[in-house]
Every structure is written in structure tokens, then in C-alpha cells.
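Below you'll find a set of structures to go through.
Heads up, the next two complexes both have chain A, just with different partners, chain B and then chain C.
Right after this comes the complex of A and B.
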């Protein structure tokens, strides 16, 4: 086990693609760290550099403050679980798991004990003499995890280890992996494109986009204080609504224009409006209320605009209503008792305490609602 | 009403069944015809091998040997068949081994470091497209100068040169189909390069190696032109030995048949057992486009 420090790490491919741009962060000893981002964000490149499969073009990677960027995976004692094709197909599960120990020249007896231990830990003892082709995807990934853990690595690298499994199994393995990591205390990094995976499993998350680090923090911090609109929209089960309001004016009422639609703004936004009279508003679907036309409450503490229902999707314990307001669409999580028809004219309100304010270019967060509503999408994401 | 309707579909389905049976019969008849075309010379070879010389030219000819004998085998073996088989075995197995040993690293580099179907791949394969008659004169002069004429070494070199491009190309295509993650997993597991090769790469490419090896072996085993031009009296491979049966007199067809049968038997056995993996590696190449 070790702490891991990256400082000023860059990765260029073929001198053309700047896949990882000046990334620095520290993973504490025993921490479960998530590298999150859409595809092409550079998260896998970071993981491969941590594992030693690739070298950074510049910058340092240190394990327990000892630079390791020039060392091989073996010298770093890292283990890795791949997304697919993780197991050697010509070996049984037992041979797969013992392989790293065999390489290290352990005695037969030692290998047997360790393999049996880790097989019991991962509930794969009954599969131990099967080959990869005789196991399901979930079983294969379990064996791959066993192979990674059997030698107690300094760092466990997980490259989308459960992305290829079906939904139910994924949810179960999520929990299993988290418990396993906790009980072993192995410093672990997981790469994923799924915010829910990152939120549910890890202690802290680094969110990347186009090779650039966007934000590092706990799930709570990133969810409630997203540094920019991209993070806000990417993170969470349901994307945050973000729309730019332009031509903001004070008279006759504090309002602006959004895609040809008039928006009444709450007073709390006032200090953040810039010289270009633009501002970006964010709100999670759980913070948006939809009302029948003309029935919306009015007040200086809320934003309101009107639109038409584009579609209403039944989610069981709530309804996800998508409203077309001018050229913007806004999603709202409404109670199942509220029924809306397609194309029904509606009013939308967002209370100040559910409101996020970004600058007009959606680059920086200016204002976050204090403590946001304990909204439905937050609860759903952990379900 | 239903009483009237029910027999007619039944008779229709009977008709269908008849048509289907006829179709299957026709299909098989065609297959048998084609097979007969290919197998007839082989059957003739086999039957002739067991006929004594006196029986070869009787009228009416016998189909099955009447006085079956093994004398063709022993005589054929003695007058050069044995030497031919031995020399062919030496030259083709050594050149095949060399092809695989030299070809595998090259194929690996080609598969992992060069773009698929790029210039490098084409350049290597294009060497194989050279008609053998083109380099043979160069080889003849070269071998005279280097004292490689009429030596095992010389022929091994030529066959390796001839088969290497194909082996590299086949293996490279095969290695490309092996996901890189297996190698990366082995590196992560701490395997040094030679263990990565031995424990992971070699077992995974075994079917490809087998296919390439068999093809190289068959080509070397059957090769005639280079053997004819580049060897004299010391090295006599099987095709050359068989040809020499014709040289002085009316050939003894029985001996020719016997040695011919001995010559193709190993190839038949290997191909029979390997056909599945042969087909698989070929379809990998074709499907990989």
C-alpha cells in the first residue's frame, strides 16, 4: 500500500494529441480514488501511467514520495483489472490467479494457500478450475480481481472493471468492490465514465474532460459545488439543467432572455451579473417545479419562465418532465401525482435554494444554493 | 370444411419433402462427382503402388491389385525414394523451424508496431509473389561462389527465403487478433519479456504458428524448381528423386506410386487433424478485413 502523487503530468501521443494536460493530484494511502470523465477525457491514460504501462511525456509520479515514473509495473508492484479480455484464456482461474505469484518465484505451498484465500474472499472457489470461456462475464471479472489482489499490490488499478456487465450485476459488484477495498485497505484507483459508479464506490473523485482536470473532491463536494457547468451536467444521475440568460435588466422587473423566452430572475442572482449582462443558471431536475399555466407562485426568491411540455417520463416514484422553453429544454422531477400532457403549456419555477449561478460562458460557478434540496435525483442515484 | 382442407397441406408438405430430398441427393451427387475428379488420380496412385510390374499393363486392366505386393515400396525406397524422403525431411523441417523462429519476432513487430495492411506488410508479402524462376539464376551463381551448391544448408536457406514472407504475414495477421490486454496483464503481473513470450504470447498464437508451419512445410516438401537447379548428386529431395525415376527408362509406375503414397501420407494426416485450425486461421485473416 502506498500514497500516490502526480505532479505536472503530461501525456502526448505521437506528438500530436495532448491526451493528459498538466495533471497534479495526490491519492492518500488506502484511499479509493475515482477517475471520472467521458470517453477521450484522458482518464485511462492517467491510469495507464500510474500502472506503468505508459510513461508520462513530462511530470513525475511518486509512490510514497519516491518517483516511479521510469519504473516498470513490476517494480511498482501495481495490479490492474482490465475492462475486458482480462484473463489469460489458455489458463484456468487457478492458473490465472497464481501467475503473478509464480513469476515472483513463490513456493507451491505458498501459492496454493494464497490462491485459496483470495478465492474464498471473492467467492470463486467453485470456479477455480474453469477457463475464462467457461465463466460468465461477472465471474471472469471476479477472477481478474482475485488475480490483482492475490499479491497485495501497492496500488490497485481498475479500468472500467464492471462496465461490461449487466445492470443488476454491476450494482452488486459495486458494493462488493467497495467493501473489499475497505477491508483490505489497498490504495485503489478506478477509471469509469459512469458518475454513479464513481459516486457510490470511491472516497474522492477526479473529474476530467479533454485531458484537463476539472475538479477533484468527494462526491458530495462535486455534486453540490460543481466548479463549472460541464461538471454540473456530467455529475449525478440526472444532468443539471444549465441555460444562459442574456440581456439581463433591472427594469421594469429583474429579468432576462433565454432562447427567445422571458425569464424572471430572483434577487440573489443580481450581484453575479457581469458587464455583458449575461449569466448562466443551473438547477438539478429535483429543484425545478412545474405548474399548470398561470398557477405558478411568484416571488423575489424564485426564477420563473414558461414553456411547453415536451415529454413526461414515468419513473415510478416520480415523473421526469422535459419542458421546452424557447430554444432551451429544462428537465424537472415532479411528484407522480402531477400529470402533464404533451405540449401542455406550463410555468416553471426554481427556488433560490436550488439555484446555481455560473458566469455567462458557463466556465465558473458563482453561486450555489447553500445547502441544496435533498432532491429526488440525489436519492435515486444512491438507490 | 376442415375435413377438406387438412389433406391438402399434408400432401403439399409431402411434395416439399420430396423436393428437399431430391435437392439433397443432387447436391451430394455433385459433391461426389467433384471429389471423384480430385481423388481418382490419388486412388490410381494408391492401387498402382500395390500391383506388381507385370500387372500394370494387362488388358483388360485390373482395378484392384490381383497379386497384391509390397515390393514396389522396398524397391522404390532402395532406388532413391528413401534418400529423397530423408533429404526432404531434413531440408523442409529445418527451413520450417527457421521460418518460425525468424518469422515470429518479425510478425510480432509488424502486428504491434506497424499499421495493419500498411506498406511494410505489403512489401514483405510481395517478396513471396516473385516467380521462383526469377531468383533461381541469381541463387545458382551465388551458391556456386559461396560453395553452397548441392548442400543441405543451401537448400534450407532458399526455402527459408521462400517461405519467410508468407509465415511473417500469416503470423502478423494472427497476432493482430490477440488483444493487447493479455500482454499488458502479463506485464502488470510482473512477467519479463521472455516469460511474456513463453507463457502468454506463444500459447495464444499456437494455432497461427501451427498453420504457418504446416504451410511452410508443405511448400518446402513439394518444391521442385530450386531443388532441381541448386542441388546435384549429394542432396536429392523427394520431388527430385521422383522425377529421376523417369530419367533412364520407362518409369516403374508401381514404385512411383509407392513412393508417392509415402510422400503424401504425412501431409494428409497432418492436414486432416489440422483442418479445423487451418480453416480458423484462414478465416481470421479474411474476416479481419
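Right after this comes the complex of A and C.
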């Protein structure tokens, strides 16, 4: 178990692709850390550099403040669980799990005890004499996790370990992995493209895009204080609505233009309008209300605009309504009692306390959920 | 109950209508030529060979053909020449085949390790395999000629006293092994390269993270994963090594003396040198039995490996069964 520090890490592939760009962060001892991002964001490259499968082009990686970037995976004592198909197919589960111990020269008795322990921990004792081809995907991943944990690594690297399993099993393994990590206290890093996986399992998350670190923080921090529109849209079960309002003016009423539509803005936005008279507005679907045409409330504390229903999707306990307002689409989560037809004209309102304000280029958060951020101007813009 | 009809393509019901009869006729018409061909060129000669091996058939002497039972067989297996040619065949198989597997494995690992120009190198290595064995024989015959051959000229020029290769009693068999290895190592390389390609890169990475060094990875992981491919290569080369004839015919004619006379050459000599068709037939049948038993033994060993951890569930058919089919093709 160890703390891990990355400072100024860069990775170039073939001198052309700058896959990881000047990344620095610290993972505390025993922490469960998430590397989140869409495909091609560089998160797997970061993990492979942590594991020692690849070397950073520049920068340092330290375990317990000792630089390790030139060391092999074995010297770092890291373990890794891959996406899929990384079991040794000619070996049984038992042989797979004992392999790292065997090549370290442990005695037969020691190996047997350790394998039995870890097999019980992961509920695979009954599968122990099966080969990979005789196990389901979920069982294979359990064996892979057992193989990683059996030697108590300094760092456990998980590369989308449950991404290929079906939904129910994934949900169950999420919980199991989290409990397992907590009880063992092994410093762990999981790479995932699924914000829900990252939110539910990890202590802190690093969100990356195109090799650039966007934001590091707890799920709560990233969800409620996304540093830019990309983070806001990527993070969460439903993407945040973000749209740019231009030509913002104060007379005759405080309003702007959005894709050919007039938008009435609440007063709280006023201090954030820039010289170019543009502003970007964000709101999660749960904060957006949809009303029959002409029935929307009015007030200085809410944003309103009108549009047409593009589609309404039944989600059981709510309805996800997609509204086309000029060239912008806005999604709203409405109670199931509200029924809208396709192409029905509607009015949309967003209350001040559900509103996020970004600068006109959507690169920096200026205002979040009804309260101005302390030092909002100083929030790092990584873009 | 719904009345949706189920797809019925699973079971093929023999057609009974007039259309069915026509279809059957078309089937026979289409298959017929191939069956006749196969029968005339494969089944009939084999049946005739089997028959001949139990008779006193001698092409050169116009005596009536008599049924002699197992007399040919007993004459053959007590004959010293048979035993010596069997020994030479086995020595050839047990030296040449492992040699080819070893070098082929080395080349496959080498090629698997490079990324740039792998296809080019692989095709270059394949050239010997694509040359007709008779041409290989002639080429090496020229190359190794003790008087005019470039190899010996070169060796003499740098101060060696080179052997007469194919014409030397000590060097004739090693020479044949060398030529066969030169021609057929590429085949082993291709099979093993395919095997190496089938191992996902994640397995190598998992091994690296598990702390396994190159040798450990090779012996504990790569080699066991290659076993099915090794079995195929070994079985096919083993069968072929029994059939080596062309290069012996060109390079040594079984000599000097009988030092390179393997079973194939001995059989040829009995059949087409002395026209003892009965004896030659018995020799062929004996070879067939030896080969079948030998390969069955190898395959059952390979299968036992494959099954090793008893887990109840049957494993999917692997390359081994593919090899069995190949073998049946090769034997007939």
C-alpha cells in the first residue's frame, strides 16, 4: 500500500500523439481513485504508466515519494485487472491466481493458503478448478481480481474491469469492489468511461478529456461545481443542458438570443455578462420545468424561453422531455402526470437555484446553483 | 395459441415429390464426377494394393498370381534391409522433425517480435516450401557437389577439408536432414507464427504485471498456449518425414550402400526396381500401420495434455481434432 504522486507527466505516442498532457495529481494511501473520461481521453495511458506497462515521455511518478517511473511493474509491486480476456487460458482459476506467487518462489503451502483466502473473499472457491473457457465473463473477472489481490500489491490498477458485464452484474460488482477495497485498504485506481461507476465506487475522481486534466475532486464537488461545460455535460446520469445566449441586453427587459429564440434571463446572471454580451447557461434536466404554452410563471428569479416538444420519453417515475428551442435542444425531467405531445408548443423555465452560468465559450464556471462561487473567476480553466 | 409457423430449416426432410427426385438426380450428377475421380485414383489403387500385398505378384516374371496370405509380410519384417530402412526412417524422423520444430519456433518468435516488414520476411522465409521437392533436390545436388559445388569450393578456399556430403557414408543422412529442414522449417514457422498471433497482447501484459520475466512468460504461458499448434506441426511433419523420397532419389539414391535408404525408397526399389509388387504392397501396408499407430500415439498424448485438469465439462474441439482430420487425409 502506498500513496502515488504524478507530477508533470506527459505521454507522446510515436512523437505525434500527445496522449497525456502535463498531468499532476496525488492519490492518498488507501484511496480509491477514479480516472474518468470519454474514449481517447488518455485515462488508460495514465493507468498503464502507473502500472509500469508504459513509461512517461516526461515527468515523474512516485510511490510513497520514491520515483518509480523507470521501474518495472514487478519492482513497483502493482497488480492490474484488465478489461477482459487476460486470464491465462490454459490454466485453471487456481493456477491463474497462484501464478504470481509461484514465480516469486513462495512455498506450496503458503500459496495454497493465500489462494484459498482470496478465493473465499471473492466467492469463487467453487470455480477454482475451472479454466477460463468454462467460466462466465463475470466469473473470469472475479478470478482476475483475485489474481491481482492475492499478492497484496502496493497499487491495484483496474482497467474498466466491469465494463463488459451485463447491467445487473455490473451494479452488483460495483458494490462488491467498493466494499472489498475498503476492507483491504489497498490503494486503487479504476479507469472508466462511465460517470456512474466513478461516482459510486471511488473516493475521488480525475476527469480527463483529450489528454488534458479537466477537474479532480469528489463526486459531489464535480457534480455541483463542474469547472466547465464539458465536465458538466459528461458527469452525471443525465447530461447537463448547456447553451450559449448571445446579444444579452438590459432593455426593455433583461434578455438575450439563443438560436433565433428570445430568452428572458434572471437577474442573478447580470454580473457575469462579459463585454461581448455573451453568456452560457447550464441546467440539469431535473432543474428544468416545462409548461403548456402561455402557462409559465414569470419572475425576475427565473429564465424562460419557448419551444416545441421534440420527443417525450417515459422513464417510469418521470418523463424526459426534449424540447427544441430554435437551434438548441433542452432536456427536462418532468413528473409523469404531465403529458406532452410531439411538436406541442411549450414554455420552459429554469429557476435561479438550478442555474449554472459559464462564460460565453463554455470554458469557465461563473456561477452555480443560486450562489456565486467564492473566487469564481479564479477557478482553473484547463481548456 | 398463436399460429405463427416455426422455421423448419433445422431438420432436412428428404424430398419425396417429383421435384425431390430431380434434386436427388442433380445431387448425383454434381457429385458423380468427383466420386468417380476419387474412386479411380484413391480407393481402387488402395484396394488393389491391399490385394497385391497378399499375392505373389511379380511384374517381371510371367508366373500366375497366387494368394500367399501373410507370407509377404513375414518375409518383409524378417528382412535385414527392411529393418535397416526402418531404422533410417525413424532416425530421420526423430532428428529432422525436432530440428525443424526448434528452428521454426525460433524464427516464429523472431518474426512475431518485429512489427515493420513482418509480412515481407515471412514470405521470404516461405520460398523454400514453395519449391517442388525435385527441384530442391537438384539445386542442393549442384550446391553440394564435392568437385564443382560452390559450397566445397568456398570451404576449401578458406582452408577446410570438406566432406563429400551426399556421397559420403557418414554425411549422406545428415545432408538429407539438412535439405529437408531447409525446405520444411518455414512450414513449422508459419503454423507457430499463427499460434503466437492468437495470443492476445493482454496476456503478455498480465504476465508482466504479475512479475513474470521473459523466460518465465515463455515457458509458463506462451509455450503451453502453443501446444495445439506444436502438435499440428509435429504430426504433419512426422507423417511427411516418412514419405521423403524426392530428395533421396536425386541426392543419394539410397546410398552410399544402403545408408540413406528409408522405407519409402526401399518400397520404391522393391516395386519399380525389382517389380516385386507383392512385397512392395506389404511394405506399403506396414508403413501405413506404423504411421497410423505413431500419430495416434502423439495425438492421444496431446489430448491428455489438453484435458489435464478434470473439470467435468468437455472442452471445445481444439486444433488437435483438426490435426486428426488432416492426418486422415494424409494417410489415404
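Following the convention adopted for this analysis, the second predicted complex is superposed on the first by the 369 of 383 C-alpha atoms of A that agree within 3 Å, B and C clash if a C-alpha of one lies under 4 Å from a C-alpha of the other, contacts with A are read in each partner's own complex, and residues count from 1 in each chain.
One rule holds in what follows: a residue touches a chain if its C-beta (ideal position, glycine included) is under 8 Å from a C-beta of that chain, and two chains touch if they have at least 3 such contacts.
Remember, predicted model here, so these are calculated numbers, not experimental data.
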item: Superposition on chain A - do chain B and chain C clash or fit; value: clash
item: Touching partner for A:80 - first (chain B), second (chain C), both, neither; value: both
item: Which superposed partner A:123 touches (first chain B, second chain C, both, neither); value: neither
item: Which superposed partner A:274 touches (first chain B, second chain C, both, neither); value: neither
item: Partner chain(s) touched by A:113 [first = chain B, second = chain C, both, neither]; value: neither
item: First (chain B), second (chain C), both or neither touched by A:92; value: second
item: Broader residue contact with chain A after superposition on the shared chain, chain B or chain C; value: C
item: Touched partner set for A:293, first chain B, second chain C, both or neither; value: neither
item: Touching partner for A:134 - first (chain B), second (chain C), both, neither; value: second
item: Overlap of chain C and chain B interfaces on chain A (superposed complexes); value: 51-53, 72-74, 78-80, 82-86, 88-90, 99-100, 103-104, 147, 157
item: Residue ranges of chain A in contact with chain B within the complex; value: 51-53, 72-74, 78-80, 82-86, 88-90, 99-100, 103-104, 147, 157
item: In the complex, chain B residues that touch chain A; value: 179, 181-182, 184-191, 195, 199-200, 203-204
item: Contacting residues of chain C [partner chain A, same complex]; value: 200, 202-203, 205-213, 216, 220-221, 224-225, 227, 309-311, 313, 315-316
item: Chain C partner contacts - residues on chain A that touch it in the complex; value: 51-53, 72-74, 78-80, 82-92, 95, 99-100, 103-104, 129-131, 133-134, 144, 147, 157
